[in-house]
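Shared between the two complexes below is chain A, which pairs with chain B and chain C, respectively.
Right after this comes the complex of A and B.
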């Protein structure tokens, strides 16, 4: 697959998904995110999907699995930038992304994530 | 009057992306509002993925008429043994076929499945509002 951009901002890993991925590429991206987060310095992960205008049941469920996996590893997770039409389609698909934190844009996502990390370490 | 506007072979994973992208552009050109463009493209994604996963190959045909757009997904796979059950199983199971089918049904206005041991044809329609 194409390159997957990963940025470290202090103890936060930011992963912007910048292009449409077919299923195998999406699974590979998921594995890369999990592997990259397997680092004691990383306490939170923000996955930015604002570039995606189509998220179907496969990708929706995969994002859910990645988030649950990261949580199981003790990382805080936030999904950033779900487009309004994507949000509508996901709900109609029956995917409510329960128990997954979301934010409208990266700024507020980082703020929220820092709070979650702070709360978690208390 | 019905007119065929697209015919896309579905053989590889990447074809799912090509099909939904091209059909989304057509939906926009026809005059569907943005949210319906996404509904149609997402339904195409679900249905073409089912072709790749369960039948390996097939094609999607798109027809346009005065009232909207018709998406026909056909394959020569083993067929869906129990269509009712595939549509009933819901989201709680790991049945990816059912999730895709139910999802596509919800996203479209009209949805019909014909399936036997020589293949499956799914016809879905979205009205232009």
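Right after this comes the complex of A and C.
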């Protein structure tokens, strides 16, 4: 399996997903993200999927599970760069990911995430 | 005693003579004796009949009175002879006394006098008008067929039970760039087309022969070995022998390549126009910094809904818009399918990272939505586009103040 890039930007963990992940590889990646976030310094996680043109139902549900897991751990989560085709596909699959925040690009995602963290800690 | 015998002998001869006479008179073939100048000096009733004169009235008349110049020559040549025992058989055309034209097969047995000079002839006449007329008819029909095969631009072909050409029109030979129609005899489509067309055409023909069902006006794509592609409209029917056994097919194919290309061109134009219309009917307007508006007018079917989704989402990402206002005040009717599509679009907008606001939800539509029990899923809705814009602007102002 390809290495999963993880970046720490202050109290934010950034995970860019560069390629399509299938089955076990995807599950492993999910586990890695959760383990990495399990750190008191980390307050928010941005998962960047702008490189993905296709998201199948498996990956869609996995993203949802990861988000729920992170939320349960008290972290803020944001999905970055969902492509129009991916958005349509997710909606068709009934995966609205309503409780997860979204942003076009990393820049605005980090801004939103910081805002959410500020509100949350208030 | 001898006298008695003599009388008996004479009686016998007389009877025999009567018999011969009767035989000749009752014969269905015409029989006549012609003098050396071709004057009838004897004729039986059958002979009078083929020459179209009342019984007994042929005697004294000349054969030459009844003949066309060509037949006259033929008759003289064959009847008048110096050769002993020379029997000749020939055909003549007769303009009979009753106005009919008859063809007679004629057999002449020349007679000679003691000095060996031609002295006339026994002649038999057989009426072969029917046969000659039939032949003429056949020749006429053959002429028609040939004119059809040589001049009609449609490709006409006759094939045997193994789908081999047995007769074709000139146009088909031209189509294959073959000099003469003989160049096609015994060959099949496989010799002139690639497998792509030859195979299905062969299978069609075998099926026609098996089932007896013709095909009519089938549009076929012809693929030539040089890469050329042509289109024809083809009709093929089974062909039977006298006993009713299938012995092949008869087909005709019309070149419709030009028409087909024109149709394709038109289809493309129509498609382009349709797309243009759809583009026009789903304008995404950049109304404010980071605010896009889509006014939806008319009816919303699934194709249009998905196009709206597509163009809105693409533009949101391109423009980095953070709000998209979908105005449905111009929509004619909202049913559950339309509401569902609108909600899906709004949700997809949120997924790419912007906020969707549904405006123009009037009383009627609100009621429909409530009646249908559709969950708007936390989607932001406003009564009018104005309200939507006001909301967005005030939200931006708050943001700016915060910054």
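Simple rule for what comes next: the second predicted complex is superposed on the first by the 122 of 122 C-alpha atoms of A that agree within 3 Å, B and C clash if a C-alpha of one lies under 4 Å from a C-alpha of the other, contacts with A are read in each partner's own complex, and residues count from 1 in each chain.
Heads up, the rule we're going with is that contacts are C-beta pairs under 8 Å (C-beta built on N, C-alpha and C of every residue); 3 or more make two chains touch, one makes a residue touch a chain.
This one's a predicted model, so the numbers in the text were calculated from it and none came from an experiment.
S.K.: Should chain B and chain C be called a clash or a fit once both complexes are overlaid on chain A?
M.R.: By the criteria stated at the top, chain C and chain B fit after superposition, with no clash.
S.K.: For A:57, using the defined touch cut-off, is the partner it touches chain B, chain C, both, or neither? Pick first, second, both or neither.
M.R.: Touch partner of A:57: chain B, not chain C.
S.K.: Once the shared chain is lined up, is A:68 touching chain B (first), chain C (second), both, or neither of them?
M.R.: Neither partner.
S.K.: Using the superposition on chain A described above, determine whether A:88 touches chain B (first), chain C (second), both, or neither.
M.R.: After superposition on chain A, A:88 lies in contact with both partners, chain B and chain C.
S.K.: Is A:23 in contact with chain B, with chain C, with both, or with neither (first, second, both, neither)?
M.R.: First partner only.
S.K.: One more residue to check, A:97. First (chain B), second (chain C), both or neither?
M.R.: A:97 contacts chain C only, not chain B.
S.K.: Measuring by CA atoms in the overlay, how small does the chain B-chain C distance get, in Å?
M.R.: Value for chain B versus chain C, nearest C-alpha atoms: 7 Å.
S.K.: Intersection of chain A residues contacting chain B with those contacting chain C?
M.R.: 84, 86, 88, 92
S.K.: Give the list of chain A residues in touch with chain B in this complex.
M.R.: Spelled out, the residues of chain A in touch with chain B are 20, 22-24, 53-58, 61, 84-86, 88-89, 92-95.
S.K.: Which stretch or stretches of chain A touch chain C in the complex?
M.R.: Chain A residues touching chain C: 79-84, 86-88, 90-92, 96-98, 102-105, 108-109.
S.K.: Please name which positions on chain C make contact with chain A in the complex.
M.R.: 306, 309-310, 313-314, 316-317, 320, 322, 344-345, 347-354, 377-378
S.K.: Enumerate the contact residues on chain B facing chain A in the complex.
M.R.: Of all residues in chain B, those touching chain A are 13-14, 16-17, 20-21, 24, 34-35, 37-39, 41-42, 45-46, 49, 90-91, 96, 99-100, 102-103, 106-107.
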